[in-house]
Amino acid sequence: MTRQLVRPLQRTWILWALLALLLLLPFLGEPYYVKLATRMVVFGLAALSLDLLVGYMGLISFGHAAFMGVGAYTVGILASNGVDVAWVAWPLAMLAGAVLALCIGAVSLRCNGLYFIFITLAFSQMVFYGAQSLRQYGGDDGFSLEAPSVFFPGVDASDHTVLFYVATFLLLAVLYVCKRLVASPFGRVAVGVRDNEPRLEAVGVQPYPYKLAMFVVSGAIAALAGALMANLTGFVSPGYVSWLVSGELLIMVILGSFGTLVGPILGAALFVLFEYVLSDWTEHWMLVFGPLLVLRVLLLKDGIYGLLLKPGQASAASPAASAHVAPAANGEPS
Amino acid sequence: MREAGDAATGREVLLQFDKVCSGYGLGQVLFDVSLRVNKGEVVSLMGRNGMGKTTLIRTAMGMLVPRDGQVSFAERRLNGMAMHRVAALGLGWVPEGRFIFPSLSVEENLMATASNRRGSTQPWTLERIYELFPRLHERRRNGGGQLSGGEQQMLTIGRALMTNPRLLILDEATEGLAPKIRQEIWQTLAAIKGTGQSILVVDKDVRALARLADRHYMIEKGCIAWQGDSTALLADAQLAKRYVGI
Amino acid sequence: MSAPLLEVQALGKKYGALVVTDGVSLTVNKGELHALIGPNGAGKTTLISQIAGQLMPDSGRIFLEGDDITSLAPPQRTQRGVGRSFQITSIFSSMTAQENVALAVRASLGQSFRFWKPASQYEQAREQAYELLALVGLGGCGHAPCNELAHGQLRQLELALALAAAPKVLVLDEPMAGLGPVEAQHMVGLLQALKKDYGILLIEHDMEAVFALADRISVLVAGRIVLSGTADDVRNSDEVRQAYLGDDDA
Amino acid sequence: LEPVKLGFIAAQSGPLGVLGAEQKRGLDLALEALGGKLGDRPVELYTSDSRGVPGTAVQEVSKLIEKEGVDVITGGTASNEILAMVKPISKAGVTLVGSNGGPSPLAGKECNPGYYSVAFQNDQWSNGMGTYMSDHGVKRAYFIGMDYQAGWDHVGGAQSSFKGETVAKVFTPQAQLDFSAELAQIRAAKPDGVFAFYPGGAAIAFVKQYAQAGLSKTIPLYSNAGLVDTLFLPSFGDNAVGVVISSHYSADLDNPANKKFVADFQAKYKRDPSSYAASQYDAVMLIDHALRAVGGDKVDKAKLRAALATAKFDSVRGAFKFNTNHMPIQNIYVQKVERDKNGELTLRLLGVAQENAADRYAQDCAMSK
Amino acid sequence: MTILTLLEQLFNGLQYGMLLFLMAIGVTLIFGVMRLVNLAHGSMFMVGGYLASAGLQASGSFWVAIACALVGSAVLGVVLEILVIRPLYKRGHLDQLLATFGVTLTLNELVVVIWGREPVFMPIPQFLAGQVHLLGVPYPVYRLAITVVAVVAGLVLMWLVARTRFGMLVRAGADNRMMVAGLGVNVVALYTLVFSLAAVLAGLAGMMSGPLISMQPAVGDPILILTLSVVCIGGFGSIRGALVASLMIGLLDTFGRIFAPQWFGAMGNTLANMLVYIIMAFVLFFKPAGLFSIAGKKA
């Protein structure tokens, strides 16, 4: 059992303190760190959206990068065509993410378990190759963002402090919305899907529309993260849609503890930090990161955020821990 | 140290439970259970649903680790031993719920785990099993999953015998079977007993057990509530009613 | 006479060569408790899975209040009024007992597809959930996470979930299994009380309970109904003795 | 004199890490040759790993500029990361002296005063090869390449300057490493020559399978340094013998700067330098001369940027100058893979495919007007 | 296109399919028996290729190279199973994915550290060089050899699984692990053996591919993705499914690559890139658990 490191109240304080520190960062006068923090926030947003699926519905999507990618491409293509107003481009990016999620979800959600994992991978690969075939947008090379997204005349995303605050605000806003979402009747049904789908059907709920709705919401949020990403790097390329990115997003979610919303955000921050520190230290940083990942899975069952939770809470929240503990569970045919 | 043989009969002790406590997760099911099966002996274990019979068997097999007390088999301490090593010592297990291997054919079910570790001179072979259960011979090419419940039960018994166990353990071997099949199973067990096989049998059929077994244990709420031989069992009509609840 | 609440006509189901349901027909009327008994593996659970929709029959029809529901999916059957409980406890394990039931109640009230207001603030569902918990005898443990409930309590929760969907007919798969004598007694009382408002199809191995509750008993052996009648019919049938109760009087 | 802060960014890890490592060798050798000084100033070198990923490259560039405060950046491995890096570098007033690739957008419409490609414009190699093939008796050519941006560029470039008949122009999926089907098609089509472009591992797979299918005996294979390069020669084995490639550099070039470079490289790494090392070596030499031309105590980034355009330095490639779009005007050389006297695989210089080749994008570049 | 070319393409497609099968069979075996998804299978492929090449460099003998690859993969399989895989059997697929993904990252980088980033060379052994004429089609001997090895490996494995005691135990273990232990068989060791066997199959595929493609770090990753797609189409755990799906992908991919661009132009190229995934989505749409899902078992 994970030992309780801090009490819930302390945990809340720790989170607020972290947030305050984060918000003060631009005053340090180190633009580089502001960008690094923005990167954390953007990936945090993407990881958060993936947690809605993995943590709350038990749907392991191995193709989430596709939605980030479609968000980035929407913003990039709109900018190339003279639409650089964030109020227009970003909602359109989310819409594109939602529509793509609707299409992919409609087919993928027929599958369960491993098949769902790999069919989402298949679709993201299709999106990947689709992006690469866009010759007018640089094909495999991708293309520079013609113009940063403009919030107000004179205020745009090329100012990294502005982008940082915008991203952080969006993250907090989305976090709030997601908190509401998972506590709503819809969110409870989602947990029902994760816990026990046959039972859900037996109490009269058809899970499919709920899964699809969650998939769409999640896709839209990921697309928003993609829109931010395009502005952060000033560049859009099929690399955003690579299956490795999808894998990284899953790692972030798991690293932080899934099914907690806040955990994956911390996981994303840690991931970006690891990557930064390790790759700075040695070009063979994967040799450290790989084993760390294995150790995380083998030893730290509840993730980083889980360490901060009390034992009962962590296991109630994570589907892995709520599996039945009958001794014969691995033997009896089911 | 315990003496090697059983003081009363002078026979070698196979399975021995000594004040064993056991259970699942946080809940305890067995409380200070002591029990003994000697070589060449048939011992029965009776009790109502949920009293801990299966739990006792699982503890013997090493599926559950005793929290207290000691389980041993032919002088070897079993506490904490891996299940496959326990079984390899010579415990042939016929589990409750059958658990045949559905994707193996009947013959494969018998063959897969067959062994003769102690080099028995008259080992159980496919031929002998088929002799015992002609029905299995008829269906030897069928998938295990296609058998009827009774056939599956025969198969699990055959499968356990094929490991040439020193002690055969049957957990509810007649459960859910048609009366005629039950009859057959009991006859078979009697025949197996005739070969000198030691058996620990769990069941609710008191009359059949009284005919088959030499000694009996009644288990209630995880404790051994009564033990004695068949005469004692048949003598007291209240006994069965009280502990087995028929 | 109006159509029976639930009617099963010549239902058949095979797994490969194994016939699990062999032309089963039965009815359940309102206010009636119809018990289904039979040895393990006779096909009882399979039968009610077909009634509740988890399994599709190979042949035959199922009617609810005269409407053919054979091809409906489980959620739709539940919405029409078939409430089932599972033999192997099937609940939402990461929620509290109250949340489990409230989820089911909201589903029956059509309040599930709502995204903003916290679930806990749906007053009607909350109240009904508490009432149902109290009804099945879980009054005090609504807020305990399910993994802290005892087996018997989970069985009671299972029943509460079946009731939460506001069913017309209850299909219960061994609700007594795993209950202690006191809880079993309570359950018998509860079913007795529920009987008049619902039609109940009850599977149970606890004969005492069956004989106490059942208006009609059907005996299922190897996928066939071998006898259907009153408690006395069953008690006096040689066939049933042979196949199920055992020829032992000891 | 104040030291100059030099940023070096290249793919040190990931699939393109091989190239980045070779660029690093060129960098090290140049700095050694200059006695650890650039424009007589001591050098503070900051190295970054771009991983060949645009997002990471942008992040690392930001570190070089904002955290380390570098005066000039050199390197760049993948075309797409260069595309991504140029804007932020230029915006910060710093200059990127690219030592690999020259993406066409940056040569044309998106050309940028803050970016110089010392290596080549992406189309140059292949344009040269197309010309060479026409000039050397190939009447019917088969064009094949990987289905991605560089594949389209190189195959398109070769085809556009090739004057004979194009039998087919085929692009194959990226993940593909087995070319048996395509090779069968080629055999059936019976062309006079095949132009192929594949990068990295796919290149080796293609060339090997081409030889194994027996095609190398009957149909000559033409390509450019992207397919077969000194760096990878050992990985090809005999399969590559006979392949004709074009490049902006050859270790056989007979000029003093190259003689010294090749000798030093041989001494240190026991083999011929590749074009990646050569380009990076040149890039450092260019920076050295430009810094010298600018002078002053502090490094003036703006002056340095301007000085890079005109700085004269002894390129290992011989004649070298920048076009108006900051892409090189240079000779494109043709080389053939052979076994030398010692039985080692080598690229033998056959001649010049195109003299003083410029690229066709310069006219779209605003700096040209 | 002439009949001969068509025939040659047919051979090509079959050969490609059989190579896929060699990879897929390991993944599906591990899943069928241990319910484990193994993302490290691609690394085994890579390691097999590298070990063969290292063996050849060191000794100059192909037989040593083969031994190096097979024994090395087996040992690596055993070590990995004990260190990483064993605790994963009882975990969910997500944990399995991540841990084996971590193994992949580690092995990919380890290869860089040991052998460098440059691709390593591996020639075709002399006795397998050259061409033969198959029904009038000139065909590289080596490719024929790959097909033969894959067919033999497939047959041996099927024989092993279907006919031997080992195979019975493996299938029994897949049905009910606990019961096998309860009958006196060391299931833990059995699983280690099976995992190691799968590693050997991947290593064999890597070794055989070495002379065709180039062995370089992470070369197994795209092959892994392809293999997983094949296994997914065939149905996780089904050897028959793996065979059918491998041949299907091998043939469709080969012909798709040729015809799609001819029929659809540039769009066809994109389609050819996506082909495997399109097939996968198509199959899973109609059969959400693959072509030959093993009945009653949830993936």
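As written, the chain order gives the labels A, B, C, D and E, with residue 1 at the start of each chain.
The rule is short, and it goes like this: a residue touches a chain if its C-beta (ideal position, glycine included) is under 8 Å from a C-beta of that chain, and two chains touch if they have at least 3 such contacts.
Nothing here was measured: the structure is a model prediction, and the numbers come from that model.
J.: Give me the step distance from chain D to chain E, shortest route via touching chains only.
T.: 1
J.: Count the C-beta pairs in contact for every pair of chains, then give the pair with the highest total.
T.: A-E
J.: On a CA-centroid basis, which chain has its centre farthest from chain C's?
T.: Here the answer is chain D, farthest from chain C.
J.: Determine the centre-to-centre distance between chain A and chain B, using the mean Cα coordinates as centres, and give it in whole Å.
T.: A distance of 54 Å separates the two centres.
J.: Taking each chain's centre as the mean position of its Cα atoms, how many Å separate chain A from chain C?
T.: 41
J.: Any idea how many Å lie between the Cα centroids of chain B and chain D?
T.: The computed centroid separation for chain B versus chain D comes out at 77 Å.
J.: Once you find the CA centre of chain C and the CA centre of chain E, what distance in Å lies between them?
T.: Roughly 48 Å, centre to centre.
J.: Spell out, as numbers or ranges, the residues of chain E touching 2 or more other chains.
T.: 112, 175-176, 178-179, 225, 269-270, 273, 296
J.: Return the residues of chain B touching two or more other chains; collapse runs of consecutive numbers into ranges.
T.: Touching at least two other chains: 63, 99, 102.
J.: Residue numbers in chain A touching 2 or more other chains?
T.: 129, 132-133, 135, 284, 286, 319, 328, 331-333
J.: Could you please specify the touching residues of chain D with respect to chain E in the complex?
T.: 13, 15, 17-18, 21, 147, 170-178, 180-182, 184-185, 187-188, 200-201, 204-205, 208-209, 212-214, 231-232, 234-238
J.: With touch defined as at the start, can you tell me which chain E residues reach chain B in the complex?
T.: Interface residues on the chain E side: 165, 168-169, 171-172, 174-176, 178-188, 296.
J.: Okay, in this complex, where on chain E does chain A touch?
T.: 31, 37, 84, 87-95, 97-99, 101-110, 112-113, 175-179, 225, 228-229, 232, 236, 266-267, 269-270, 273-274, 276-278, 280-281, 284-285, 288-290, 296, 298-299
J.: Hey, which residues of chain A end up touching chain C in the complex?
T.: Spelled out, the residues of chain A in touch with chain C are 180-181, 183-189, 191-192, 194-196, 198-206, 209-210, 213, 312, 315-317, 319, 322, 324.
J.: Can you name the residues of chain C that touch chain A in the complex?
T.: Residues of chain C touching chain A: 52-54, 73-76, 78-79, 84, 86, 90-95, 99, 102-104, 106-108, 111-120, 122, 145, 147, 161-162, 164-165.
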